[in-house]
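Across the two complexes that follow, chain A remains constant while its partner is chain B and subsequently chain C.
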Partner chain A sequence: MKKYDAIVIGAGHNGLCNAAYLAKSGLDVLVLERNPYIGGASVTRELHPGWKYTNCSYVCSLLRPEISRDLELARHGLQVIPYHGGVTFTRDGDHFGNYPDAERVYREIARHSLRDANAHDRFETDVMKQTRLIRKFLMSTPPDPTSLRPRDLRGLLEFASAFTEMGEEGLLDTIRFWTMSIGDFLDEYFETDVIKAHMSGSGIIGTALGVYSPGTAYVLLHHYMGEVDGSIGAWGFARGGMGSVADALAASFQSFGGEIVCDADVHRVIVERGRVRGVALANGREYRANVVVSNLDPKRTFLQCFDAGDLPAEVVRRARNFKIRGSSGKLNIALDGLPTFNGIAPESPLMRNDMHCIDSLERLERAYDDWKAGTWSEDPYIDMLIPTTVDPSMAPPGKHMMTIFVQYCPPTLASGPWTPEARDAFGQTVIDQVAEHSPNFKDLILDCEVRTPHELEDEVGLTEGNIFHGELTFDQLLFNRPFPGCAQYRGPLRGFYLCGSGTHPGGGVMAAPGANAAREILMDLKRPDVIPASYPDD
Partner chain B sequence: MTDAAFDVVVIGAGHNGLACASYLARGGRKVLVLEAADRPGGLAATREFAAGFRVSAAAHLLTMLDAGVARDLGLEGHGLEFAARNLKTVALADNGERVVFEDGAIGGVSAKDQAAFAEFRRQNRRFAKVLAGFCSRPSPRLVDRRKSDTLALARLAWDVRSLGRADMRELLRVGAINIYDVAQEKFESALLKAAVSMDAVLGSHMGPRSPNTVYSYLHRHMNDDAGAAGPAVVKGGMGALGEAFAAAAEAAGAEVRYGSRAVRIDLSEPSSNEACRAAGVTLADGTRIETGLVVSNADLKTTFRMVGPLNLDAGFVRRVHSFRARGVTAKLHLALDGLPEFHGGDAGDAGARLLLASSMDDIESAFDHAKYGRFSPVPVMEISIPTVYDASLAPDGKQVLSALVQYAPYDLKEGWDAGRETFKAICLQRLEAVAPGIGESVRASELLTPPDLEAEFGVRGGHWHHGEIALDQALFTRPVPGANRYATPVRGLYLCGASSHPGGGILGLAGRNAARAVLAGEDSG
Partner chain C sequence: MKPHSEVRLLDTPFGSRVRDACEVHQWEDWKGYLTAAAYEDVELEYFAVRNATGVFDLSPMTKYRITGPDAQAFLNRVMTRNVRRLAPGRVGYTVWCNDAGMVLDDGTLFHLAEGEYRLCAQERCLDWLQWSALGLDVAIADETADVAALAVQGPTSCATLRAMGLDGLERLKPFGIARFPFDGGELLVSRTGFTGDLGYELWMAPDHAEALWDSLFDAGRDRLIRPMGTAALELARIEAGFIQAGVDFVPAEQVLRHGRGRSPFELGLGWLVDFGKGHFTGRNALLKEKENGSRYRFVRLDVDGNKPAEESFILDKSANVVGHVTSAAWCASAKRNLALASLEMPWGRPEDDLFAEIYYSREQRWTRLETRCTVMRGPAWDPPRRRQTPPADF
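Coming up: the complex of A and B.
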């Protein structure tokens, strides 16, 4: 039987990135994917004839440019079209437009509040300061503060020195920023409800926390630290949908001689004498390798892919306690034409950005209360885009495709598991909210795919449908991600590694976990490091 | 410099102000303490709320007082007496179930929970010890370090490392998250989880699910390792503690002037190359007291209101303005004809610290209302009946019940004039459910809302801790950057109240640390 150098479980973007780097260094690498298609949550599928649905992740920004350039993703077909800004509609028929142009956004904020307009620069500067700080650590393995190994001590020193560069007051502000809620943070800058609501969305997306839960300011950062074409904080559409990210990574991987097998459901990691030796599929087939890397989330990895007896009890306990908590849903809609929205013209640049319908922090916080009570938000926070306004390749000519990300939506309902009826009722809630601001929206709907955490878990394999493979709370960040003792991409057994979003720096289509894990694996195998270093910002 | 009669003027005779005055006087400074009320203690007060019925107006149980401060000031020699110590805590559920915490052990739960709680408590005591060490000193500068700051940081690192790898990992994991998840991981009993959560949220604008509540739990249990095994009842009510602090300050040589409300902190004319500095204090009656050093026991916002925003840097004013200090805890006082009987309990319950919250979700949903400016329809409470131990607080045979009630938001949407009676009725209804018949024995009652506490004690926002104890307002950053080491941007003006590190609870540490900063001539740079 053929023996590979390494097997990667899961062909999500991190698994493919990890595999690409291992293959690039000359290893013989096999990627196994359960579904008949690759991509994981970075996927685009034609689920309605003629329409391509990017039905999980939907916009691109966080993908590390170091990786994109190094793996030549552009040559392998990835094209990212930048967009800036967004719009939030208010219940009184007005809106707040976050225009890409600084002058225009000043005038727009001033239309609501001059004080807020004057605070906006200060806000952007302060957030950017925190963004620049954290970006330095995305492409590196977090040092273990409990370790005395020279490598960890050196890492801690680097960490400390990056922080002290901010100055005494700057550092205290950083401590505050990392520990406060997005609501409290915004209250320090703005007074207008709709502006605060607009700015706060990034603090709660994908997280089972409310806008007033401490720690959400950091989550904001998680959505600000990306870039498109060197423009930090910008977002972009991947031409052809997010599936092109995975396709480009796969093409890059294959160009280094890598092999991908789909319809290969890994049932168990084979462990012999305390180290991994390969994997066994559900159909009984076995693949052998001395290195096995999991792109699955930590819960799925440790609780489903191993015989409990093969793992230390401590790891099983920590995996059980790992907080996943799905909190998001998704609607993918085929539209017969471009919907109109109250107060903005069809040719407005705002139509090409993300659109929201919640106009106050109180409504956002209440949306979270519904999740706590075990129901989907009656008045949800949505992040809605019409990618076809920028990328017509996603739908037939003249038609449009809309993607709506919905927060909050619980993994199971207080009344029991999800049913098709409950799912439809959830979808209807969202559609009704959009229709409040778009008179012709309902008439244009040709097809609507509603995805609750249940579908995300079922199809993509995300436990509880959590888009980040685990909550971004402090107990699960940096040297704690996914949990102490496993936070440097190494599993508890020799030859076993983690490379998914459940590891540092976390979720978003970033590919950094995959690359960082590859660096650790190559280090253990004593092979040359082929992973690009972090770019300096300036 | 002035040739004033006093070296230092302390504004406010709360326990921290008096502790600070004592240490300053012992350091050889001539100290004057100005107090608006006609008695010492600030929030540590005893109040007659109905003829012959007296009660601790704010804090009603002493849990955290720093042993070092108490010893240094000789509080017991200055009249501090305990009517009872080491009270047991009883958590009561609506269904009559009870969990009893006594002498570090726990009853009313499964053997598995008993073991888990013992381990939880053991571990938390070790964490609390590290925290207590850190809180007993000013927080060190992180960047513009002096030798003493580097030493303090090294000491902190050493303390944390000394926990050992497993405990250190656990501290770094749970330190910034919520008590809800931790309790879910560790315990089975809903009532036990609720009781643990109560310790984490009492006095704060947070629910069990709010991240940071593990920290507030540790804060509350900071002195557990130093022998404070359980709460204590002060003889004569908490006001007696204030009087002991005042007696200690006077014995040390400080002068305390009552009925003297400070309204302005006077500044010197700034010269070209120096920031403005404190020059004196003006009282409500127009009296001006000159001094080169002013120490404020008032909360952050009140203090800088006395300075005036125009005299301060705009960025600093913004920070003060943003400091979160909106109280959510009300105080309910009942004058009772006799001892209430709590259902499912035994006779000893009346003397215990009683917690009224059945589950974490109940506490969380009680909190949810406060977020939107409403009071909880089913509030949670911490109850103490001090007359069980101290008959002097009520007429013969009568009793006093004192309860901390959450959540009662400072900025109630309907206004407290409209809401007060409704909320009081809700509280009584809640009590009736666990102590049937209590309503009939109520002879008089009083509800002190956060705005009442603000009016009565001069704490802006009526917050018990002078400001939320959350990680962005704790440790290194409390209360705000620029004033986080007792010194402030105004030279010669220091803070010594609960707004400062390490924060609220009757600790006395802010006062002591501030005195050290003043004596060392620290500045805010």
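Coming up: the complex of A and C.
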């Protein structure tokens, strides 16, 4: 039987990135994917003829430019087109337009509150300060604060020096920022409901917390620390949907001789005498390698891919306790034309951006209350985009594709498991909310794919449907991600590694976990480091 | 609430006239307003200021109206200079700092009447002003869009304005304020400007703006009046040695990297700091700086030769970097090759040997110079007419 140098479980973007770097260093690498298609949650599928759906993740910012350039993703077909700004529609028929240029945003915020318009600069500066701090650590393995190894000490020193560079006041601000709620943070700058509601969305996306839950300010940062071509905080559309990220990574991987096998559902990691030796599929087929890397979330990895007896009890316990609560759903819609929205011009530039329908923090907090009670939000937070306003490749000319990220949506309902009827009722709730602000929206719908956490777990493999492979709260970040003992991408068994978003620096289609994990693997195999370092001071 | 508008750049109250006058269509975005970088020819516009009259539309300048029983106390709390000494009818140049003593912005403070002030600033700071006003009986209103403003600058500016009917303007002293009836409204004139020359700034309600522009250009035609864009103004202000927020320093609220802000002392504006007046924002930090020394010194450099030292490093004689140029231009009236520069302490003493690293290209060939610089004592351009009262006609 052929023996590979390394096997990566899961052809998500991190699995593919990890595999690409291992293959680039000369290893013989196999990627196994359970679905008949690759991509994981970075996937584009044509579920309605002529329309491409960017099924799970839908916009791109966090993908590390160092990786994108180094793996020649552009040559392999990836193009990310930036968009800037957004809009929140209000119940009184007005809206807040977050325009791409500073002066129009100023004028637009001033329309609601002159003081808020002035405070916006301070808000942007303060968030950017925090962003610059965290960006330094994205492309590196978090140092273990309990270790005395020179490498960890060096890492800790870099940590300390980055903090010192913030100055005394900056350090104090950072501690506050990492622990406070996005609601409290925004209250320190703004007085207007709709402005706060608009700015707060990034603090809760993908997180089973409310806008007044401590820790959500950091989640905002997670959505600000990316970039498109050096424009920090910008988001963009991957041409052809987010599947093109995975496709480009796969093409890069294959250009280094890598092999991908689909319809290969890994049932069990083979462990012999305390080290991994390969994997066995559900259909009984086995693949052998001394290095096995999991792109799956930590919970699924340790609780479903191992015989519990092969793992230390501590790891099983920590994996079981890992916080990975599903909080979001998704609608992908084929539209017969471009909808119109109350209060903005037809074909307004604001429609090229992210659109939202909740106009106060109170409504957002209530939306979270529904989740706690075990039902989807009656009045949900949505992050809605129409990629076809920018990308001509997603639908026939003149037709449009709309993606709606929805929060909150529980992994199971208080009344019991999800049913097709409940799923459709959830979808209808979202459609009704959009229709409140768009008179012709319902008439334009040709097809709609509704995904609850149940579908996200069932089809993509995300435990509880959590899009980040585990919540981005301070207790599960840096050297505590996913949990102590596994935070440097190494698993508890020799030859076993984690490379998914459940590891540092987390989810969001960043590819950094995959690259950082590859660096550790290559170090263990005593091979040269082929992973690019962070760009300095940007 | 105002209706929503998707207009990209707004017209100033002089918009119709500015659009007509701008022949070269070199436009800029200044605080969201369509602004001419040049109207016809930058050189002509610059020389209008130094030789006749240049007119600059400064309506987009941020303007706050500060009123109320505590207005003076409030301003004394936020400004580094002593606002009590600013008499009604007078204008004062001023800076304001954050608690760390770092400059937020510089601008001009108009004492319009007892308890009534106008603050003109480059950066917006309403949020900060309102935080600073907690506990005081003061009203702060943004009047940027409610006031049309023109700078009328140059040796024939006084004669031009008098010809427009501003009788007695010649008696107005530098930094003074006068009021005249005009077009059924009140025209406020201050003897202020950003060119270092004889000049005035006109302030008026927007509905009189077009009439004001037309009368001004009618009155000035024979005195060779000309509209000027931001490019010519930039040359004039560098020649006069004035600093600009966002160019010569980073306004403190925009600083991302710790330590990149500048204190008044580090911008050569220590003369605006009055420790004797009681508490003001940044006082403790500035006192400490006065005791312990500053990190930087801001200087005007006279650079040998005629190649502008734009974005140059400043080197010592061993070619160590000791600072950098923030603004530079060949100054045609002063006949100086001027650079404004921020130097690490203790550099910038009169006896220091300093060199500007200048790159320039002639027909695709690049040349690198290390050109000697001399620290200047005063401004390069400071003609007597700037202060003469009454000023001459030309």
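In the analysis below, the second predicted complex is superposed on the first by the 537 of 538 C-alpha atoms of A that agree within 3 Å, B and C clash if a C-alpha of one lies under 4 Å from a C-alpha of the other, contacts with A are read in each partner's own complex, and residues count from 1 in each chain.
The rule is simple: a residue touches a chain if its C-beta (ideal position, glycine included) is under 8 Å from a C-beta of that chain, and two chains touch if they have at least 3 such contacts.
The structure displayed is predicted, hence computed values, not measured ones.
Novice: With the two structures laid over each other on chain A, which partner does A:104 touch: chain B (first), chain C (second), both, or neither?
Specialist: second
Novice: If we overlay the two complexes on their shared chain A, which of chain B and chain C does A:88 touch? Say first, second, both or neither.
Specialist: The answer is neither, since A:88 touches no partner chain.
Novice: Please indicate which partner A:353 is in contact with in the superposed arrangement: first for chain B, second for chain C, both, or neither.
Specialist: Neither partner.
Novice: Quick one: classify A:345 as touching chain B (first), chain C (second), both or neither.
Specialist: In the superposition, A:345 contacts chain C only.
Novice: Going by the contact rule set out at the top, does A:167 touch chain B (first), chain C (second), both, or neither?
Specialist: both
Novice: For A:112, using the defined touch cut-off, is the partner it touches chain B, chain C, both, or neither? Pick first, second, both or neither.
Specialist: second
Novice: Tell me the contact category for A:188 with respect to chain B and chain C: first, second, both or neither.
Specialist: A:188: touches chain B, not chain C.
Novice: So which bits of chain A does chain B touch that chain C touches too?
Specialist: After superposing on chain A, chain A residues 166-167, 169 contact both chain B and chain C.
Novice: Please output the residues of chain C touching chain A within their complex, sorted ascending.
Specialist: Result: residues 1-2, 4-6, 8-10, 29, 31-32, 100, 124-128, 130, 142, 253-259 of chain C touch chain A.
Novice: Hey, which residues of chain A end up touching chain B in the complex?
Specialist: 145-146, 163-164, 166-169, 171-173, 175-177, 179-180, 184, 187-188, 209, 212-215, 321, 323, 362, 365-366, 369, 372, 473-475, 479-480, 483-485
Novice: Where on chain B does chain A make contact in their complex?
Specialist: Counting only chain B, the residues touching chain A are 141-144, 165, 168-170, 172-177, 181, 185, 209-212, 318, 322, 324, 364, 368, 371-372, 470-473, 476-477, 481-482, 484.
Novice: Which chain A residues qualify as touching chain C in the complex?
Specialist: Residue positions touching the partner: 94-95, 97, 101, 103-104, 106-108, 111-112, 114-119, 121-122, 125, 128-129, 132, 165-167, 169-170, 343-345, 348-349.
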